[in-house]
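Below is one structure, written out as structure tokens; the observations come after it.
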Amino acid sequence: MTDLEEAIALVRADVARLHSELVRYGLVVWTGGNVSGRVPGADLFVIKPSGVSYDDLAPENMILCDLDGTVVPGSPGSDRSPSSDTAAHAYVYRNMPEVGGVVHTHSTYAVAWAARGEEIPCVITGMADEFGGPIPVGPFAIIGDDSIGRGIVETLSGHRSRAVLMQNHGPFTIGVSAKDAVKAAVMCEDAARSVHIAREAGPLIPIPQDKIDALYNRYQNVYGQSSDDRRDDAEDAR
Amino acid sequence: MTDLEEAIALVRADVARLHSELVRYGLVVWTGGNVSGRVPGADLFVIKPSGVSYDDLAPENMILCDLDGTVVPGSPGSDRSPSSDTAAHAYVYRNMPEVGGVVHTHSTYAVAWAARGEEIPCVITGMADEFGGPIPVGPFAIIGDDSIGRGIVETLSGHRSRAVLMQNHGPFTIGVSAKDAVKAAVMCEDAARSVHIAREAGPLIPIPQDKIDALYNRYQNVYGQSSDDRRDDAEDAR
Amino acid sequence: MTDLEEAIALVRADVARLHSELVRYGLVVWTGGNVSGRVPGADLFVIKPSGVSYDDLAPENMILCDLDGTVVPGSPGSDRSPSSDTAAHAYVYRNMPEVGGVVHTHSTYAVAWAARGEEIPCVITGMADEFGGPIPVGPFAIIGDDSIGRGIVETLSGHRSRAVLMQNHGPFTIGVSAKDAVKAAVMCEDAARSVHIAREAGPLIPIPQDKIDALYNRYQNVYGQSSDDRRDDAEDAR
Amino acid sequence: MTDLEEAIALVRADVARLHSELVRYGLVVWTGGNVSGRVPGADLFVIKPSGVSYDDLAPENMILCDLDGTVVPGSPGSDRSPSSDTAAHAYVYRNMPEVGGVVHTHSTYAVAWAARGEEIPCVITGMADEFGGPIPVGPFAIIGDDSIGRGIVETLSGHRSRAVLMQNHGPFTIGVSAKDAVKAAVMCEDAARSVHIAREAGPLIPIPQDKIDALYNRYQNVYGQSSDDRRDDAEDAR
């Protein structure tokens, strides 16, 4: 096995396994969500096949694509179609070289904010830690061209948040690895739910911007078992 | 085993197994929901027995009925009563020959819209994909004659939606196969929940009709592992 | 083993096992709920021990009490204290001879109606089937004398509903058997949740009284695998 | 094994195991919550490592700290960082000698009250039993100095409640043992959810103070399998 083959095998295993986290945290129903991961050191990424049950996902039926979203001919799983969101994932990998993983779900509370086109305000410290401010809304865009990918990239470039709520659609999240993007999807739904429920019962207390900054900087730099947990995650995927 | 016996055996297995999806997605409590599937090539369908725990469902205790909803004498399971909703299922099979499966649940959020007699507006792309527009409300009707079945057929005939919210009662869904109808039940509750929660917090952004049409047409024609995933599902049931 | 010993052993097994249904349907947290069952043909009932984890319940640690709620000395489990709600259960068995099982939970939505002292209106057919009308509220009463038991009996005597929402406290349900009372607890929470969520979004459509009557009469008489499913359940407990 | 080593081993096992209760009751997502337990008879406590999945927690990777929150050098797990909330736990142990366990979560409904800075009113008997009145709010404080620990101690000292909602952050709970603090975390979220949902639909009926007092006194003194269940729990941890 070459180094590249080994790298691909690791990402296939990781991407297949990480879909079970979407199920565990209730972010998806039926086949409606997808995880992808970039192959380190290559212009390739691995993504879920389209319309296949989460129970049936395995490393060997994950699909290997180039950065245009074209399935690599002859690779394992290449007899199937990749996720119908593949073009959006590919656009992100082409345009955000720092991104190692992308996740899309229709998780309930994040979809609710998206259906109103309303960003999630940063009123809980867990959001400040994870997203460093509000979770923004991206444009209305439908499948068929580059518009979803472009909307994700334009909204998240230069933004602290690793999550975007695509209007009337649902959340896309990015990360330094597939695992990091899955974590962002889990925390995005958690924030969407907590802030929704909080606001149902009365006005929310804002967190001063300098406190948000302090929380975000600490969490990104010192949390976890090394000086950069998210870089660790990226290591895991290698 | 004749071809017909084999076809019946496959539908029995499918219908018994699919009830576990209702449990998995939290659409039912106790014994309150039912799945049926048409036997391809015969004027027969298979349905759940009445008042039996989901833990105890098995292919051999599913009940075989003709299209009048009469239990086929001497068939396995015929010593039990079929679901009390059997007449409604039978009416649908008699009057909608393209239907291969029917599902009924009392799933929480769908029931909530039904108790207000309010259709679910199509404000999220996942609904446009799956239902091609709003999920309609059917008439108030109670068990005892054909009125439930007639209400389902009149509401769904010529409608894109595979789900109807029977007023004060709950959702019925149809599909080209039992699995497709179960998928519709899962996606109906998901839509009912997401749109309910979205609207609790403010006005929703409508999706333009031409975008709804584009999403629906794409999803029905190109999503999944073949040109018609739903026809595939029907194949599965054969 | 005498007939009485055998009857006690069956009720012990039934009551221990039925607590897992409270867990399965999310009606209880920690140790906060209890099921009891009358021993057929004797002035005895079996109830959960106090403050014991649901994971540790077994037939032999269930507690046998007389109809005053006194633990039967020397019986298995009699070294432990019975549920702190034992006096309320005992009061019901003393005063409602037709009752074969009693259940108490703090299930979320039922507690919410109880904290407002508001009965649950019968606006969904599933409630009409199961409860034959609204689920009533009982008086505010606290542990220490007969007041909880008396409140349950006074509210439910002559009422179709097998569930009562004790004000500021939570639901108590009764049935012809322990299983039937557990079913009532499950359906009570389901009704409490569905009607709460329905009403959040607008006015509810009432069901005409004659339709409620028709649904209730049908369900009590013809639903299930015999002419009286609930009597069947009572048989199961024997 | 010395007595101290044995005591530490028991607390390690208890703290590792108790995290699974946070998962079971849905109080945590990803790695966002932590349990600690004091080592009886020593100025030491055991806490979760930082940023480690709940699936991977085991007695040997729990971390032993002194009451300043410093990891005991050379002890099992000391190659890892302790929970980023360790300073807050340590502050509580230093200043509240009666406390044997501390828990922190971001459970949804408790966070919602915290984001509004609103205490949870005591309108259900289960809260009166467990907390003896409202669940109070603590000050806004962020990680980096003693302010979280100080806020917990100042709010809970002399208060019946074992739970405090730290503003914009989430609940911290204390107990005579780690298990007792976990129970408080479970019951705090249950109360936060039930009262939130109750109040969505209309005004709540208050419980008279003398009834709250009576419920609290009974529950603290006679509930469970001994005259003091919570002291029992502390025994369990020894």
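Residue numbering begins at 1 within each chain, and the chains themselves are lettered A, B, C and D in the order written.
Throughout what follows, a contact is a pair of C-beta atoms (placed from the backbone, for glycine too) under 8 Å apart; a residue touches a chain by one contact, two chains touch by 3 or more.
Source: prediction; values computed, not measured.
Hey, what chains does subunit B share as contacts with subunit D?
Both-contact set = A, C.
For the two copies subunit B and subunit C, what is the rotation angle that overlays their Cα atoms, in steps of 5 degrees?
90
Over half shared numbers or under half: where do the identical copies subunit C and subunit D land at their interface, same or different?
Mostly different residues: under half of the interface numbers shared.
Report the chain whose CA-based centre is farthest from the CA-based centre of subunit D.
B
How far is the middle of subunit A from the middle of subunit B, if each middle is the mean of its Cα atoms, in Å?
32
Which parts of subunit D, given as residue numbers and ranges, touch two or more other chains?
In subunit D, 200 touch at least two other chains.
Name the touching chain pairs, would you?
Contact pairs between chains: A-B, A-D, B-C, C-D.
What residues on subunit A touch subunit D, complex-wise?
Within the complex, subunit A touches subunit D at residues 25, 123-126, 183, 186-187, 190, 193-195, 197-198, 200-205, 207, 211, 214-215, 218, 222-225, 229.
For the complex, give me every residue of subunit B touching subunit C.
Listed in rising order, the residues are 29-30, 32, 49-52, 80-81, 84, 106, 108-109, 111-118, 140, 142-144, 167-170, 196, 199-200.
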